[in-house]
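The two complexes that follow have subunit A in common; it is paired with subunit B in the first and with subunit C in the second.
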Partner chain A sequence: MKRAKHLFRRAFMTLVAALFAISFLMPTVLTISNSFMTQSEINSNYGSVFTAAKDGKTYISEAVNLKFIPDKVTFSQYITTFIKSPEYLLKFWNSVILVVPIVLLQVGVAAVAAYGFSRWRGKVRDSIFFFYVILMLMPYQVTLVPNYLVSDFLGILNTRWAIIFPGAFAPFSVFLLTKFMRRIPVSQIEAAKLDGSSEWQIFTRIYLPQCRSALYSIAILVFIDYWNMVEQPLILLKDAEMQPLSVYLSTINSGEIGLAFAVATIYMIPSLLLFLHGEEYLVEGIAQSGSVKG
Partner chain B sequence: MAGVRFENVSKVFDKSVVAVDSFNLEIRDKEFVVFVGPSGCGKSTTLRMIAGLEAPTTGNIYIGDRLVNDITPKDRDIAMVFQNYALYPHMTVYENIAYGLRLRKYPKSVIDQKVKEAAQSLAITELLKRKPKALSGGQRQRVAIGRAIVREPQVFLMDEPLSNLDAKLRNQMRAEILTLRRKLDTTFVYVTHDQTEAMTLGDRIVIMKDGFIQQVGTPQEVFAHPANQFVGGFIGTPQMNFFQGELRKENGRFFVMLGEYPVEISEEKQERLFSCDVQPQAVVLGVRPEHITLENEGIPAVRGVMEMMGSSIHLHMQALGQDVVVVVSGMDDSGHFVDVASEGEQAMLRLHGNAIHLFSAETGENLEFSAKKETFSHEQVAESVLSQETVTPSVPDEPDEKAADETPPAPPTEKKGFHLLRKKK
Partner chain C sequence: MRRSFGTPKTKDFLQSVAFLAPSVLGVTVFFIAPFAIVVYYALVSSPNDPEFVFLKNFIDVLHNSSFLTAAKNTATFAAVAVPLAVVLSLCLALLLEQKIPGKSMFRTFFLSPMMVPVASVVLIWQVIFHAKGTLNQFLALFGVQAVDWLKSPYCQLVVVVLFLWKNLGYNMILFMAALNNIPKELLEVADVEGASAAHKFFHIKLRYLSPTVLFVTILSMINSFKVFREVYLLSGDYPYEGLYTLQHFMNNTFLSYNFQKLSAAAILLAIVMVILIALLFKVEDIFGKDVEG
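Take a look at the complex of A and B:
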């Protein structure tokens, strides 16, 4: 009886989890499978949606034909993306040159700042760290206006630096990494000092190698966060030429739905690869940063 | 090789917490000195000051002839073994041991040779490619020692290196440290809160409490001649028994009254008390459990619980309104276990006059050394310790007839068998 109850509970939980997984995966699967459809097949599936939207009519769900398996598999959307419509690749490159510096700078700045917060404690440093935590709790939109004003003041508005600079000094990474670094026993630093390490050597040879999983998880999270950004470029980058693909994708029109599917598929590849490669580190990094004793 | 010298060193944390106060000590070249004391006594702080991990608030520290107050840890030519090993978890055992040498830019071949030699001497050669998390506690401690010895430092510092090991491994490592010391033949400063480690390892022991040195001496000295009540209680297992008493002087002889029971004092101690010009006063009498015997006459006691230790038995006796621990042999001469009588039986305790210690009830100082701080040669101490084993009757053979009435009743002088101990049938 008890065993049957246990099995039933397990089956129920699995079913609920499967439903959640399917609902989360459906858009991704739909995007990938539809990117291999012909333009005419896509038009027949989704054409009415865009027509209705343009005419200001009510959205009719019956008009949408959600198809996962293409009638005929084609790479024509990808060929168009890579050869006929280079603006998509240009926007992809825009995303790369915005996000890669942010990730590198943020990880670098966070590592140095976290080292300072974890190595030397004191009232002033702890207060600054407290402010970091407060800042971290605020949604991005709260600081958007000050960011805009500061960018304007610095004369970097409408340049990539308006996004890269605030991105480099984000508090979340510092918080996560500080918590991680505070786990490293002081005796290791003392042993390193007696072994002859300078402060820089302690940082690079003792701290950083031990924070590899945290650094990796931060890099993944930051990359995904900024790869999908919309608000910052919309407000801080007026020049459409510099807009990343995440913004450009929202400007698709009815004739390019198939292309949008292909571009979206290409766009999710870096995030997916990064996640798959560093999944282990990501889990370890977040778990260890979270279960830290103060 | 070099000694270490402390000149009036103090360490104050946060402008109010005095960790070490007026510390003066000379550690000789190639000497093994153990700092021992309870938690918070300042022993680790003192060690860390030698290492340069803490700066003294006042005073000077010398390593050899060099004043090292302002010299960074890496330039002090010292190595340290930490309580939690402090191995770098991302490096292999080889890399851990080689790290200090690499930073000092030794040639690769020299590093390789030194690491392998150290690994061989510590029997960890097969572990060189492993990471610390794949090692047991004892192996990690060996690696930590290996990391220190490859540097061939002038002074070797050890901060409670055996505390994280289980009892069996601790005994084994203790012996290995002694062997290592013989091999390295350098100056060792060792910190522990375990008095057994201190007694077995140290050439000299520095007993500390509340930031002050309580006594410095060889293990024999501190055991046989504790400078004060704290040292008496701290050194020795089981702990020394203490009794509140009254030191009296009659007919030119000292004796102690414990309640209504007199305890005689040996000639040797009489002389010391006289030479220190000690006056009758309230005292705390200390006597080690090994120096109390169960006799037919003496201080009445009732047997409480017992702890069987194998070759010996720790008996808890109720006497003079307190718990008194007495160590008796657990085996007779023929190797049979003795049977100890059941709880609640009566017995008489005899405190041996040559092995008692008299501490001032007011200051806790040992009255035998209170006026002039005596130092003992190793031979004297050894003699004194040995004499406690075969203690002589403490009552004068021919008491002065005139003073017979005033002389305290003599404790029994012969051992007529321990009536609490019966041969097991």
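Take a look at the complex of A and C:
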């Protein structure tokens, strides 16, 4: 009797989890599966949502028809993206050359600073660290005005540097990496000092190797944050040519909705691959962010 | 001369400065120095003909109807989204504590939205919430009248759904980490004494989870300032009034180069954020001691 009750409970819990899982996966999976539809199927399914698709020539079903499995699986949208519409690939490249330097610079600057914050403690250093935490939690509505003013002053407004520089010095990585480094036992440093190692040697030979997985998890978190950026390019890059795909995708011509699904899918690939490869690191990074104390 | 710098203490100091310098310099140049200018702008009448006007710009912003709409929208959004974000993510974390098959797979699924760029899935959301969209078709089965979700009083609910979809996974991980830190012996003793699941939850787990509950609450409040991204990608620069956010206000003020207004708004928001963050630290102080001690 009790066993049956347990079994029932387990089945119920699994069902709840499965329902949640379906709703979490649905938008992503639908985007991917719809990218394999023909343009005419997309038009007929979603023509009434994306009104500009009404060119009078194509059939549009009155009611929207959200479909999981295409009538006819085709790579035509991808072929068009790669061959006939290079502007989307250009915007993809815009994202890459914004995000990759930010990730590398932010993690690099942060690694050095985090060593400074974890190796030496003191009132001033701890209050600077405290200030970093506050800055980290500020929304863009606070930091974009200062970013704009300084970019204007330095003459880098409307260039990629207006986004890369603030990104490189954003305090998020410093915060998380400091928390990781503060867990490294002091005895290791003392031993190294007795051997005559310099601080830089301790940093590069003892700290960095032990932080490898932390560096990776932070790099993933920084990457997904900036891969998804919208606010900064809208304000700091007026030139549509330089916009990353995260912004440009939403301006895609409604007549090319079929393409939009393919481009959207292409844009997901880097972050999904990172996720599948580094999920454990990502989870560890998030768990570490669960308290603002260093 | 060199010897005087050679004492261990000054040497330590100089070395720590060397390690901190790149980051502190960058933060100063790109965040602190310009913020000082923002404060200056907020206090003068115009940058070209500066005249000290003290609080006038702040009062103007607080009387600006767009700013008030945006502030009100953010507040009502947070009032709905934050409690849901906390409760649902805690439920997900507890769900993954149960003996169910494929737990790590479920964790992957729940976490996956945080990796998907909002811009990529926005098409599907538009199809679902359109007047002739999927949600209305589904509701029509129950005789519910069609609603143009994004242009109706319910528009914020759409954004709440997107917000939850994106953020629940992250919060869930925070709760799972906290659940992991509950001393196992306590729960085993409770089992031996025949405590019910509800008793264990309310009297043991919740006590240990309370700092995380508050942490996630405040983090979600901070995150609710960031839903502009979803709104913008769904409905552009000029959304339905209920979706107008502070970032829309900022963008439009940028277009008119009104830096007095922008600066005053940024400072007002910074003050609100500092209060929220101070609360976060206070919470960790109080509960951190309670649980450890």
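Some points to look at:
Basically, the second predicted complex is superposed on the first by the 259 of 294 C-alpha atoms of A that agree within 3 Å, B and C clash if a C-alpha of one lies under 4 Å from a C-alpha of the other, contacts with A are read in each partner's own complex, and residues count from 1 in each chain.
The rule is short, and it goes like this: a contact is a pair of C-beta atoms (placed from the backbone, for glycine too) under 8 Å apart; a residue touches a chain by one contact, two chains touch by 3 or more.
It should be emphasised that the depicted structure is a prediction, and the values quoted were computed from it without experimental measurement.
Once the two complexes are overlaid through subunit A, subunit B and subunit C fit side by side, free of any clash as defined at the top of the document. By the touch criterion stated above, A:Pro185 is placed in contact with subunit B alone, subunit C being left untouched.
Of the two partner chains placed around the shared chain by superposition, subunit B is the only one that A:Leu194 touches, whereas subunit C remains out of contact.
Of the two partners subunit B and subunit C, it is C that touches the larger number of subunit A residues.
On the chain A superposition, the C-alpha centres give an angle at subunit A of 80° between subunit B and subunit C, rounded to a multiple of 10. Look at A:Val230: by the touch rule set out above, it reaches subunit C but stays clear of subunit B.
Shared-chain residue A:Pro139: touches subunit C; no touch with subunit B. Once chain A of one complex is fitted onto chain A of the other, the partner contacts of A:Leu104 are absent, as it touches neither subunit B nor subunit C. In the superposition on chain A, no contact is made by A:Ile156 with either subunit B or subunit C.
In the superposition on chain A, contact of A:Leu30 is made with subunit C only, not with subunit B. When both complexes are overlaid on chain A, the residue A:Ile206 reaches subunit B alone and has no touch with subunit C. Note on the superposed arrangement: subunit B and subunit C approach each other to a least C-alpha distance of 7 Å.
Shared contact residues on subunit A (touching subunit B in one structure, subunit C in the other): none found. Partner subunit A is touched in their complex by these residues of subunit C: 12, 15-20, 22-24, 26-27, 29-31, 33-35, 37-38, 92, 95-96, 98-101, 106-128, 130, 132-134, 137, 165, 168-170, 173-174, 176-178, 211-212, 215, 222, 225-226, 228-229, 232-233, 236, 246-247, 250-251, 254, 259, 262-263, 265-266, 269-270, 273-274, 276-277, 280-281, 284, 288. Per the touch definition, subunit A reaches subunit C in the complex via residues 10, 13-14, 16-17, 20-21, 23-28, 30-31, 34, 46, 48-50, 62-64, 66, 109-110, 112-113, 115-117, 119-120, 122, 125, 128, 132-135, 137-150, 153, 165-166, 168-169, 171, 174, 199, 203, 224, 227-228, 230-231, 234-235, 245-247, 249-250, 257, 260-261, 264-265, 267-268, 271-272, 274-275, 279, 282-283, 286-287, 289-293.
Chain contact summary for the complex, subunit A toward subunit B: residues 185, 187-188, 190-197, 201, 205-206, 209-210, 212.
Looking at the complex, you find that subunit B touches subunit A at residues 51-53, 72-74, 78-80, 82-84, 86-90, 99-100, 103-104, 147, 151.
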